[in-house]
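Going in written order, the chains are labelled A, B, C and D, and every chain counts its residues from 1.
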Amino acid sequence: MIYFDSDYMTGAHPRVMERLVATNGLHTKGYGRDEFTARARRLILDACGLGQGEVYLLEGGTQTNAVVIDRLLDHNDGVIAADTAHINVHEAGAIESNGHKILALPGHDGKLKAEDIQQYLRDFYNDDTNHYMVKPAMVYISFPTELGTVYTHEELKAIREVCDEYDMPLYADGARLAYGLAAGGTDVTLRELATMCDVFYIGGTKCGALLGEAVVTRRPELLRRFVSLIKVHGATLAKGRVLGVQFETLFTDGLYEQIGRHAVEMALRLKAGFISKGHKLYIDSPTNQQFFVLPNDKIDSLRRVASFELWGPRGEHETPVRFVTDWATSPEDIDKLIDAL
Amino acid sequence: MIYFDSDYMTGAHPRVMERLVATNGLHTKGYGRDEFTARARRLILDACGLGQGEVYLLEGGTQTNAVVIDRLLDHNDGVIAADTAHINVHEAGAIESNGHKILALPGHDGKLKAEDIQQYLRDFYNDDTNHYMVKPAMVYISFPTELGTVYTHEELKAIREVCDEYDMPLYADGARLAYGLAAGGTDVTLRELATMCDVFYIGGTKCGALLGEAVVTRRPELLRRFVSLIKVHGATLAKGRVLGVQFETLFTDGLYEQIGRHAVEMALRLKAGFISKGHKLYIDSPTNQQFFVLPNDKIDSLRRVASFELWGPRGEHETPVRFVTDWATSPEDIDKLIDAL
Amino acid sequence: MIYFDSDYMTGAHPRVMERLVATNGLHTKGYGRDEFTARARRLILDACGLGQGEVYLLEGGTQTNAVVIDRLLDHNDGVIAADTAHINVHEAGAIESNGHKILALPGHDGKLKAEDIQQYLRDFYNDDTNHYMVKPAMVYISFPTELGTVYTHEELKAIREVCDEYDMPLYADGARLAYGLAAGGTDVTLRELATMCDVFYIGGTKCGALLGEAVVTRRPELLRRFVSLIKVHGATLAKGRVLGVQFETLFTDGLYEQIGRHAVEMALRLKAGFISKGHKLYIDSPTNQQFFVLPNDKIDSLRRVASFELWGPRGEHETPVRFVTDWATSPEDIDKLIDAL
Amino acid sequence: MIYFDSDYMTGAHPRVMERLVATNGLHTKGYGRDEFTARARRLILDACGLGQGEVYLLEGGTQTNAVVIDRLLDHNDGVIAADTAHINVHEAGAIESNGHKILALPGHDGKLKAEDIQQYLRDFYNDDTNHYMVKPAMVYISFPTELGTVYTHEELKAIREVCDEYDMPLYADGARLAYGLAAGGTDVTLRELATMCDVFYIGGTKCGALLGEAVVTRRPELLRRFVSLIKVHGATLAKGRVLGVQFETLFTDGLYEQIGRHAVEMALRLKAGFISKGHKLYIDSPTNQQFFVLPNDKIDSLRRVASFELWGPRGEHETPVRFVTDWATSPEDIDKLIDAL
């Protein structure tokens, strides 16, 4: 069996595991006050080109989105997001469970368009009854998106300008950031993302770690008393070093970029294979998630050799499917899959 | 100045006020344990043709929706509603503030279509990842809708059947129920609504009372420990009699129906007047809210003699507007308005 | 039967009812944007001696406490209150339902002592682990307290100083404020309360209105976007005029003070009667709530002529009881009660 | 430097790390649907002697308490706990942030007494106003307690009986369960705990794992739709195997018991040493947490060779301190510490 279900089906990248083992016996302070976490913070700020920022290490993506958004929004503020946004679809209502409405705008291949946000805000502020409506108070984007697409520098800049005009923080969900940065078709670098967004997170879980996401902000004042709020959300790891050691390793000798590049390379090889076999794309993704529309019988036969996800409910004759690569995907895996097509 | 902004611009219907004055000095128990509330409950159950049901008197509509929905939904359950639903637009995120997501479906003149709900549920239950999605666990409709439209018996029956198929409670927001029941184009009676819905409320505030909404259910077990939950939401009136006396009066000698009929009659007279003057409808409403699209200059001139609301942001040349009638609207008011057109 | 259960067993003071009737037919804007509410605001600010403050009219006490405290506290902040505080005992957990912990300190006849607060804060700030503890961020007092007692100017000043030292807002629950201001044994005036507290509310429901509480602050910036937050909590009255008209009347020609003085006079007459009959006080209250400890058989016989509340669970031989007076209590009522003792 | 701050200052027990490394490359399903988690579940149920129960693996203690309590309580229910309970002191208000009040009773060396619970419930149900009070709906105990003490079989049985009488679930926080089970002075076994409690959790983080807590229940119906609720709370680990592998290892060849026994042995050696040097106990703990009262100068000198926590604010002359042992503590560490006394 070859595995393409997702990018969290193995453990951590071997170098991460080695480092966890090597440091296992050392004594450190708990709750993220250890030296590994301190070093990870510095390495991440350097990689982001931030002198003054702050970094917080959390455990998982849904949790990270919930805590950050809960911090950035006041009572009865809402967050603007694409209708396909992870927070709007696959987080079981975690944002609403903290009392915040998601103001969903139609996505364009998973992306928000600056003019849609602009229009929504203009209508809101022109509405005399808006004090009884949920105030749009921040923008959530995912980079890359849930559909594997990425924003260009221009697209991101346009959204940033709308956020500036209405004084709203821009937050990017980087669960799969490594793959977004390695993607063709984007000219957005980590440093640009770090300056364009007010807050964003660098995904670890889906990018080579056992678990962990690194929240980064160039405006620490936005994450007021964040250590306490993380605790309130039950998102504090007593052995915070487990996160510190992993991110320290991921941001040493370019491991994070390397993981991203490898997975994207494998993904493009996979895409080329499907196209060569005459299969149609469900969406054209430049990252480690690839989406095709396959005939149901083809899906059934393929499932004997490979595991992958249906993307939504099964259709009558054909169904969208998703194949995901990661650090553990080998060229041989891809070739075996293509042969089985 | 003639007033058409809404149906809450005067006090209560004179008969309601008279009764409040007549009973003012009597001593009763507090918190709705008084005899007026007890009588109001019986009168309402009789009017609904319910032998076994339960009635709770609350203060306002947003509050009532919040408490009822909070009771009917489990953690991370969501409520299906039209995108134009009051809970989705003009309640400042009160539903989300209690932790529940609104699953908004495209409205059809403010109404939900049974087949849309059906499709949404089919897709949800066919999705392998739905344990990480918000479970659609109840349906919210408004009767009449925020656009003044009403469901037919057939439409309501179809929604009821979907709710039965998926074992979901159906809840109707009756903030303007009196006008919905008096509307032409519907064959839905109060008794039918009471049996079709699991829970609904009879609007008082917008239908002749100073304040107050009566939550009615034929399935008391659905509103478990409701008295405590109302208190948690700060929705308990110490002098509950104020609600009891009003609803007792509204449901004596057919006052509630009479208020509905009068306002609808005035509204239709108003609509006829606008049409006769060649103005176009924004939507064709059979109830006490009438919507037109007027040229901006006409709006400006009309505002010198009458007050009314723009329906959404002001357009470049023309803008949708809303005129609302109630118990206090007189034929003379209408005629003055039409003359001024 | 003579009624002493509480101060919400009749309707409104006759002058309030007359005014509601007189203004019933007039058209006004909704949601508190009417001229009655505007006048009530001005009258209240004048009575409080506040030039710059703000006033908001809400419906009930539990609701008012929930909205104000929800506004004054940040995520995972807590409110310091006496263990006997209404918010800690008889509001069904409304404060916690909004996510805030009540930090209960032992009450002294229902009152907080400045030194207890001081000590609690000193311990908190000396604790290295306090970022994982709930931060005490405001102080709640009731004036008068749930046990009918009142703070002296000195006591209040001492609490104010602790609040200043730790930069915490001081909030007073004035559900029965009229009686607290009319009480002997206090030298606290409305103007002093208004300057000593950052926010407080003037009780209407229990002081002669049908319903309504007036939130007053000399620091409007503390109640940021309060109109929206009130709506989120479902605490907005569409016919806000109902509150405006009542408070306008209560603060015209000294009616509010008059209601307080009358009820306290009746309460003292009642207390004197009980003492003359050799009954012992449960607590010595100078306000409209009087507490005694009565033998159970006496309670049973007395209940044939008068209604009143047991204060807590019934004891084996004797039980604390509460008698409450209000605007509607007459000297004859008191004398009948005493005769029946 | 020798480390006694807490039991989360190193990584995982070497056997746990070895197993994580050995399984790192294998592909498994995500979100706890992997075979390691399945095996861990079975091993835990066997160790608990439960045929029918259910096990859920979460990340940390505060999170676990928050999710379980949120599931067991209905709106405006409260949880009875000792005033020293972790949920009441050191979880930053996480329980309240989910809307639930903690009903704190005075602890006895950190333990609840059955008769105190009994009395609280009797008073609650005898109070006519209890529908406006928070309903005590479950009991939280910690085993061992935050003060290192343990319940005897008799004490636990008495609490169980009160819970049965009032039909309330009993939940035990087992963050340090390994040490409680290894403690002298208790006759409570894992199997007894599993049958006495409705729900409890087996602590991993503080008992030899990198992270992870195992929620166990013999009544799966109590944790309705728990997988979704865990997600709502952001407590779902994508690479659930990380938890599965660790608990599988901890419950293979008695590793969990072995870790508990070793740490307790070290703790008793430490206690004996302190006593032999004439220092007084702050509390007499039979588990891996030891509490003494030391002169401040002694604390200062000791801190040059060992790290440990002050237990609460520093006193004027002496201060309570805590020393904690775990799998990594060696006899040599203890002896060095005692020599330094």
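Basically, a contact is a pair of C-beta atoms (placed from the backbone, for glycine too) under 8 Å apart; a residue touches a chain by one contact, two chains touch by 3 or more.
Predicted model, so just to flag it, every value in this text is computed and none were measured.
Trainee: If you average the Cα atoms per chain, which one ends up farthest from chain A?
Mentor: C
Trainee: Counting residue numbers used by both copies over all numbers at the interface, does the chain C-chain D contact come out same (over half shared) or different (under half)?
Mentor: Comparing the two copies, chain C and chain D contact each other through largely the same residue numbers, since over half are shared.
Trainee: Select, from A-D and B-D, the pair of chains that is joined by more C-beta pairs in contact.
Mentor: If we tally the C-beta pairs in contact for A-D and B-D, the bigger total goes to A-D.
Trainee: Just the number, please: Cα centre separation of chain B and chain D in whole Å.
Mentor: One centre to the other, that is 50 Å.
Trainee: In angstrom, rounded to a whole number, how far apart do the mean CA points of chain C and chain D lie?
Mentor: Distance between chain centres, rounded to whole Å: 42 Å.
Trainee: Centroid of chain A to centroid of chain D, CA atoms only: how many Å?
Mentor: Measuring from centre to centre gives 33 Å for this pair.
Trainee: By residue number and range, which residues of chain A touch two or more other chains?
Mentor: In chain A, 75-76, 91-93, 97, 131-132, 228, 231-232, 236 touch at least two other chains.
Trainee: Any idea which chain A residues touch chain D in the complex?
Mentor: Going through chain A, the ones touching chain D are 1, 3, 5-6, 8-12, 14, 17, 20-21, 23-30, 59-67, 91-94, 97, 205-206, 210-211, 228, 231-239, 241-242, 328.
Trainee: For a test of understanding, state which residues of chain D touch chain C in their complex under the given definition.
Mentor: 75-76, 78, 89-93, 96-102, 122-123, 126-129, 131-134, 309-310, 312-314
Trainee: Contact residues on chain D for chain B in the complex?
Mentor: Residues in contact with chain B: 70-71, 74-76, 131-132, 135, 224-225, 227-229, 231-232, 236.
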